[in-house]
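Order as written gives the chain letters A, B, C and D; numbering starts at 1 within each chain.
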């Protein structure tokens, strides 16, 4: 299975007064896993870190759609959560990132998918994935996530 | 159309470095619209504010699933966004909240749905909606949202 | 006393697992009170809303220093907190904003001060307050806050 | 100098539309450094991790006061910031945590201090530091931070 596992630290302030990680904060944890996997950080692109991003990039990644199933509450821990991440679909100018998020103890807490569109910063319009981007993304291609409750 | 329109203030810190409201912060705006509509705040329940909630309640609302489509970037404004909110489905122990979020200028920025399960605080198990809850929720019942990109 | 009182809504996600508004979130509430008071929102400046701001402004306000005393825990409420806000000091290129934050029930929960520097966006350097800015700020000038625990 | 250096990851959503880490988010980074240093995480206490904490603990740490000087804007990076952390003062029931926060490139971006009070969960009242807590904290005792702009 061509997935990567990304450790993502929780923060104390991710919890709300129910004592669990808040539903919106869960998407922030996934965002950090996505950035760690795909964004090239200034230097040369390497492995899957092929998506140019950040405020000064010539193109950026737009989140077009998200779907998330919360399967178990996530308690605070100083240990990071484990996000298994893969690509569920590659389109002309878009891709779908799939995730399973597990607590430090190994409980599956959430399944999610994010649709990303590549956008040219100057025009604000979608642009096609380059061959290099496509090749890198294909190295993580797997079946898309199946949601139970749709 | 039995919808309510809830004004929700943005915050400057909801924006990320792209200059738009961050994708996860958008769910926080929807959470505030949901709470304003359904949570009884200490005093007696009234209208649609029938869901007991908060850390001291005997039952609470668990977010089981969310789906959101981002249709236009949301810029900062000191004016609140307008969230149109309705109920798309009522189950035995659960409900689906549907939303359309518009910028202060009236642009449709996001469509979303949240599946909520009623949970008994003591046992942590789902509990059936009461008749009062059901009656109040039915006053906002409408067709569920249709997502484009599924 | 030349103060303004600004209502600022809490959010459910401002709370952490202790069931109170998190210490850092408290500064976000103050930021919203500050913006509501001083930032001109696109249109013409009026009253105290004289500080140009936002990502497209030709100058912006930089937070140089903050001090905050937490006097009582702030519980969640759907009612907004009340932030009393005034100017404690006006310098050549800087100002000090002072605050008292009260719970919806009227409990004094925090006293705080923020030092702001006016910065020219193009150069990134401090710039002097204009006469218009100075006049508007002076309308809220009062003694600076006295902190107990220094 | 008895300091510890704690790496703390930034998050993309810590930035605001100015493209820098938001002033309140900076305190969240410091909170994470403080927790990593002092909170015992379930298991046995070790080294400086002597402060019981979290929602189920019999006592907890209350933030009573914070002071922070922002010395340089903090840009986004996938590399963590470095927080140098020490104890500036130990009282009967309280302590002062001091910090210097540096960007991944080594720029000093903030100096800060947090006053913490030990509180008994049952009564909500301050309690004296234990001998074990005191001994551990003394291992990090150094001169308190000197702020420039007071």
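Operating definition for what follows: contacts are C-beta pairs under 8 Å (C-beta built on N, C-alpha and C of every residue); 3 or more make two chains touch, one makes a residue touch a chain.
All of these numbers come straight from a predicted model, not from anything done at the bench.
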For this session: Between A-D and C-D, name the chain pair that shares the greater number of C-beta pairs in contact.
Result: C-D
Seminar exercise, completed: Dup interface of B-C (contact pairs over half shared, numbering-based), picked from B-D, A-D or A-C, is A-D
Exercise. In whole angstrom, how far does the Cα centroid of subunit A sit from the Cα centroid of subunit C?
Worked result: 35
For this session: Can you check how far apart subunit C and subunit D are, centre to centre, with Cα atoms defining each centre and the answer in Å?
Result: 24
Exercise. Could you state the distance in Å from the CA-based centre of subunit A to that of subunit D?
Worked result: 29
Seminar exercise, completed: Residue numbers in subunit C touching two or more further chains are 12-13, 17-19, 24-25, 28, 31, 54-55, 76
Exercise. Once bound in the complex, which stretches of subunit C touch subunit D?
Worked result: 17-19, 23-25, 27-28, 31, 54-55, 60, 62-70, 73, 115, 147, 149-150
Seminar exercise, completed: Per the touch rule, the subunit C residues reaching subunit B in their complex are 9, 11-13, 19, 28, 31-32, 35-36, 39, 41, 54-55, 76-79
Exercise. Considering the complex alone, what residue numbers of subunit A touch subunit C?
Worked result: 12-13, 15-19, 22, 24-25, 76
